[in-house]
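This structure is in structure tokens; I'll ask about it shortly.
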Amino acid sequence: MTTVPYIHEIKYYETDRMGITHHSNYIRFMEEARIDFFKQLGWDYAKLEAMGVMSPVTKVDCQYKVPTTFGDELRITVLVKECNGIRLQLLYQMKNQHGVIVCTGSSEHCFINSDGKIVRVDREFPEFFTSIKEKSEEHSL
Amino acid sequence: MTTVPYIHEIKYYETDRMGITHHSNYIRFMEEARIDFFKQLGWDYAKLEAMGVMSPVTKVDCQYKVPTTFGDELRITVLVKECNGIRLQLLYQMKNQHGVIVCTGSSEHCFINSDGKIVRVDREFPEFFTSIKEKSEEHSL
Amino acid sequence: MTTVPYIHEIKYYETDRMGITHHSNYIRFMEEARIDFFKQLGWDYAKLEAMGVMSPVTKVDCQYKVPTTFGDELRITVLVKECNGIRLQLLYQMKNQHGVIVCTGSSEHCFINSDGKIVRVDREFPEFFTSIKEKSEEHSL
Amino acid sequence: MTTVPYIHEIKYYETDRMGITHHSNYIRFMEEARIDFFKQLGWDYAKLEAMGVMSPVTKVDCQYKVPTTFGDELRITVLVKECNGIRLQLLYQMKNQHGVIVCTGSSEHCFINSDGKIVRVDREFPEFFTSIKEKSEEHSL
């Protein structure tokens, strides 16, 4: 299954007085892109939560290459770096409307149930696991 | 019981590319000041929630008088306009470090329990109600 | 010229621990809808700023009718209540994906130039003024 | 010169519907702590900007150890990892009110002038450079 980049248009309130998008907001764009990526794979995050699985962020990093500002349009590509049932690693690449890479990043996630306990997503939600896992194998071919 | 103004120092990320504090943030400062006001009256909002009472916002308004920016220090005064057990109305006045009124606002709240049902706070949480009510009478003297 | 509602999908990071969209975010949605409304009228806000006109918010109010949460999709309609060259008043109505009104609000704006001085937009930017003004007359017919 | 940890109390609006502080906010706390750290060293960031030097973030990373929520109080320690005149690297450690490390992170910065050009802070702002540099040597002793 092919996924398409997620589009985020920079909002006025996402800029700061340096005139550019505040760096903290890219972490939020990564979340938006991740949720959209899951959705494209057939997994609505709100439904996953309703099923009792959540994927809190355990690590995040972000490299800012080129500043953006209000009105710019980001295209965010998400790749699965690793998914082993207890840990999910995602990579992000953000390009602006001119095709220039403005930001790269990654995030790492565990999976917990509604009691906050760590779950092995490969055992307890095998279908979800498989569809993520397939994406990780894709770009290692 | 006398309450003291709540202090909020404007953060860099609260500014926008106009160079000033983004107007939406004042609604957040009102929340901060409200929670601090409750705390000064002896009611820790996290504990209120743990007791099963929440006060969602039903209305809010804000009048922006003078812009502020990063590094400015707001002193926010909260007054109880009305509290009748089902509805709470609060007034806010924000001054900058020079004593100039930069913003005024108000908020209106109902009370709900953990099931999301409306509760009469005068009946179900009479002590909480009384301490708020007393504040409303104070400034009508 | 007919404008269409602006769509905002509630983001995960826009919710709070009450499980609902934090009330401050609706003020941001109003800004998004306003900027989109201007764009539909042919006025790109970034270009307006580049031309030297900005429209800071002088007042805002919001009435919260029904809570929303992550995954909900808001359709936001903007109406011009008044535009007299020095003051612009806008009305907002937000419906969820089920057609239920979840929030109404209004905002008031002045116009300033890049030096922060108040400008009469009817005199200095007559084309912009006219296209806004026309919208205000529309729904008073 | 000894610096003291920066205190940040988690705000209600900083939580999400998982019931915890949204992970993106820690990037903002790092900014708050960094600005406070500069201030303790005698450098008011607003004044630095007025002097024409800004330090945009070029990289950031964050490791989330323990969730926090509304009412928790973070103590954030900032260390200078490296400062060589063109690049500044800072380390952050965040503890909650119980002394538990909840988050660690780092940020990397360059320095630009008001035209957005890269500046060598050791040459153009030697006093600022020296006071940062001294902090980096401190903990390598």
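Should a chain be cited, it is by its letter among A, B, C and D, assigned in written order, with residues numbered from 1 in that chain.
Criterion: contacts are C-beta pairs under 8 Å (C-beta built on N, C-alpha and C of every residue); 3 or more make two chains touch, one makes a residue touch a chain.
All figures in this text were calculated on a predicted structure; none of them were measured in a lab.
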Is the number of contacting C-beta pairs greater for B-D or for B-C?
B-C
Give the label of the chain whose average Cα location is farthest from that of chain C.
D
Taking each chain's centre as its mean C-alpha position, how far apart are chain A and chain B in Å?
35
Euclidean distance of C-alpha centroids - chain B vs chain D, Å:
29
How far is the middle of chain B from the middle of chain C, if each middle is the mean of its Cα atoms, in Å?
25
In chain A, the residues touching two or more other chains are 12-13, 18, 20, 24, 28, 31, 70
Could you please specify the touching residues of chain A with respect to chain C in the complex?
11-13, 28, 31-32, 35, 44-46, 70-71
Chain B-touching residues of chain A, taken from the complex the two chains share
12-13, 15-20, 22, 24, 69-70
Interface residues, chain C side, partner chain B - complex
18, 20, 23-25, 27-28, 31, 54, 56-64, 67
